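Chain naming follows the written order as A, B, C, D and E, and within any one chain the residues start at number 1.
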């Protein structure tokens, strides 16, 4: 029998994987990929809670997360393309012009 | 039983795919693995009776978001391996591991409790898309519209950012045009 | 029906659909060549078998026995997986499509649909949408500039026309009030005049146009436009991998034919004296023929015209159609 | 009626805003015309309102909620009853005249537009002051007129004396306003509201001590605004401003705000006879005190200013002895003839190229006949000669004082009446008659513009006839103010009139006789009394020596010892600490996204831990 | 298909000019064009045309290996070496001009003196893998010995694809039957060509 805990643990694990990506990757593209993983991990959690508590609010949140992800991609990719055209690299370490 | 089989299979595939995404040196691998993982996640949604969400996940994430990523990747050199200099890799795993541990503890421990009330309970006999529609267009109408506006804004931003002349400075460009017009 | 029975039935259905539709897809290539030949005052394949019927077989043998070439700089795993995605998504999309009306065989009632999910239409569209990864990954993985261009065109074309498809289907869905294809079919059970195409002609035309673009058929077959980008995403492919792209494409055409028939053309309801099963076969056949017909008759568009058409003509019309439908429904 | 109320109130504001649009532009006559026209509109509305309330009704509107915090509720409300309507009539009449007059007077000034902006703003503030139905609104108007007064006294800010005078007026008023503010706080503290009607309804239940404190503190505010002793010095110095300003603000309207406050708060003052007596006594003292200073002063405008002070003293006496309506009546008549006097002085100044010393004038009557007539009318009215306006109001004050058995007050006022007549005609004689001394100094006097004289004429008319409206006025004011019959016998009544007229006429006669013969001898100037009076009883000097200088010393100590050593050091210490901690933690801000993300992750971990540890379910 | 038809197949006498509008510039005009073309039925005209052709079943396919189209007698494909009509001797005199002029450098010939001390061509080969069928060899030949023939099926499994002298030379029996075609006109072989051939004086 699969319980809510199963899903939540899965969600946590996926979230951790996403975090590994976020911390570890230096490539902007990969960073965005990792962000998507984070969002999806959260989505699973929401959907699972929605199911096991019989409440649709969780699904609603998941919908809005999907919408946010879509807009994030549109803007993020645009910025990335601009950056790549100017600098020829997507390495985060090359974006340090604002260091204090 | 089916649910268990499906759950474990999907879990295994998803975790492996996402792990590939996170660790792969090749952007194309990462992208493909991520897309595969997204489809698997939609599988979870189907398991969780959130049919509509599952389909939206496929259409939006796999069909649109990942395709957009792929399209964006064509501007970069995707087949070349990504060169990265990872500092303090142990810290990365420590942090993520700790977070995962804490999350698991937080989620598995009976913190959530039973005193959660279903605000918008799922009713018997109403199919998922219909129920979603009802809630989405009554209680969540304003967030829904806001999300729509946000998407529109994001679209315009994307168009402006990725426009043809963006490798030059927009403001300088405008000034140039002014000077040209002045010259005429 | 017991669980075991259900599993067995499903597996049988899957096998039937897989076998039948890959055969159909292969046969589709023969049909295409024949029809195009006739329309161009040619004979088409004639030598293998009577009237060249066995040409399909010959081609299959040829493709299977051909060397599977993988370019040195290609991203190997992705390059190898891409055609499989193409074929697989095409067949997965068929899973939610009711192919025929229910019938009884050996005393068993058969639902000729693999999985009746309540979001059928969206599922089909979604899976077909994820089918765009086949050309996309293929083009990007093959380290070939034509391939890359083909992939880029895939991304923009399929992504853009998905929007039109979705919007055009929205209006009939609003009328029916369900996402299940069977419900949509039953909605039109009243006969010829009940067909949604009569109440939603604009949506039908839009859906067809977008369908052409999504299945990469002639007025919009820019992904592998020989005159411009050699063979697009499939430039580096050969042998059976190349063949799988074709099976996918033809299977997609058939799926789209089924979708259009079910949503707009009355589905598998009896049509006068013609029984439902035959009726839908006829409709799908006609639509398939229509795909070939246009290929013979119409020229391509340019990529910029394609995008112009999508975003500045079709999408506004689709949105207007949805709005008008909504207003009419509310009144 | 509400519409008229709003028009009367906001027309000056509109004019002010309109004129301020052109504030830094070169002179345009349009600003003057527009503001004058709007003031005329305001005047018409005021007249309509006056006629409306003359039957004992009141117009009360609540424009909006202004402050609504907890138990404190102060609406932006306006109330027009007889008192207010009278004040509005006075204010709008005088200000309209002054506006029109100013168009001529300020003709050659390069800040013409700014002048009108401030002038109209002043009128608006004054209207708020008189129309408000609560103490808070009154205070707003109070401060507003203070601000405008400051700006207008210091209108020629490039002159050091002008800006000094402006600041003096402003600061001295603030000192008084502190008292006023305390009074208002006391009102709110004890009565729980600032609405006039609510407050006045509760007067009977109040502790007399509380009432005394309240009224006393309110009266401090009134003292400041009406320049009563010891806060009187600013008024004479305020004559640095343009003459129309002196006419409008420092004679007719603003300085009477203190009187208005006392009249408005008459239920409070009526309940505490001690304070009222003090008010009356101080008024009488100031009347005498100021008149004495006016006797010897050589400055044209200062003489009139001291005269204003003296007349304000009269009003306070009237208010103090309980004859509030008389105070208001005298306020009105005084506004007319005093404004007229000032405007006439303005004409003289123009003619004499801003020369103010009356001993340098003389014989101007030949060239400036109209001005001479107008000023003589005003002076006669000021002296209180029948049948001009001054007679009716001033005589009533004396009668009220006598009827209240305040014989000392009456005596003081009686003497003052004589002094008033004397210095008024000393001024008239020295300016308009006698030998033409200005020729020695090379002046070429000329008459003012025609329209300026026409503008003054309404005031002259009012100065002549206003007194005859006494019965109508009494009839109207009865609804609002207590009107007592003075219990004096007819004989006494006529005796008082004759005595007063006699001393006034005596003063005039003495002045005319003395100055037609060439005035006092030089020796008179050597005497102690003359010096004392001429130096304003040395009060400015005393202030300077015993208040300003010690205060400056104290400030210096506070600056050197307290500010630099303690406050600055503390602030610097905080700043340095933050700066240094910033320098230390700057490393975190490496600009590297990856590092930032790691920090973020660490923060997430901490937050999660906190969420678990402090979870309520645990 | 008759020969006449064949000759004229590309040359229609009456050209039809299709009017071409100026391409629309403004977006609105483009939109109008789309609408016009949509509702004018141009698309359906195309559909109808192809459908009509389909049901007419008027096929033009030539089943090539089984049936072949006639070709023009002047078709210029794989070369032929001609013989003299009467005597049946080779026309080629081994002068080597063709070898010289060949721009693709694909002609090789070997000569020797025969027993009569006359020049005789022993080997004559053309590398068809390189030949571009420019016709210079035929044009330069003083004896009209080499001409282009009608053999066009020159597909080969070998890369070095040569034709040798024997493949090209007109067979004797063929010549006897008078099937070696000659065409009249400028530069053609004169009827008495055999006679006009001077014997090379061996005495020199």
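To be clear about the criterion, a residue touches a chain if its C-beta (ideal position, glycine included) is under 8 Å from a C-beta of that chain, and two chains touch if they have at least 3 such contacts.
Because the structure is a prediction, the values reported are computed rather than measured.
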Contact-linked chain groups that survive once subunit C is dropped from view: A, B, D | E
Minimum number of chain-to-chain contact steps, subunit B to subunit E: 2
Any chain that touches subunit E and subunit C: none
Two chains sharing the most contacts, counting C-beta pairs only: A-B
Most distant chain from subunit C by Cα centroid: D
Chain at maximum distance from subunit B, centres defined as averaged CA atoms: D
Gap in Å, rounded to a whole number, between the CA centres of subunit D and subunit B: 72
Inter-centroid spacing, subunit C versus subunit A (mean Cα positions, whole Å): 32
Between subunit B and subunit A, distance of the C-alpha-averaged centres to the nearest whole Å: 5
Overlap residues in subunit E, where contacts from two or more other chains coincide: none
Interface hub residues of subunit B, defined as touching at least two other chains: 52, 56, 64, 68, 71, 73, 91-92, 95-96, 99, 103, 112
Interface hub residues of subunit A, defined as touching at least two other chains: 19, 23, 25-26, 93
Chain pairs that touch, as defined at the top of this document: A-B, A-D, B-C, B-D, C-E
Residues on subunit C engaged by subunit E in the complex (per definition of touch): 35, 37-43, 46, 293-294, 296-298, 308-309, 312-313
Residues of subunit B touching subunit D in the complex: 87, 91-92, 95-96, 98-99, 102-103, 105-106, 109-113
Residues on subunit B engaged by subunit C in the complex (per definition of touch): 26, 28-29, 32, 35, 39, 46, 51-52, 54-56, 58-59, 62-64, 66-68, 70-71, 73-74, 78-79, 127-129
Touch list for subunit A against partner subunit D, complex: 19, 22-23, 25-26, 31, 92-93, 95-100
Residue ranges of subunit D touching subunit B (in the complex, touch as defined): 594, 598, 601-602, 604-605, 608-609, 611-612, 615, 617-618
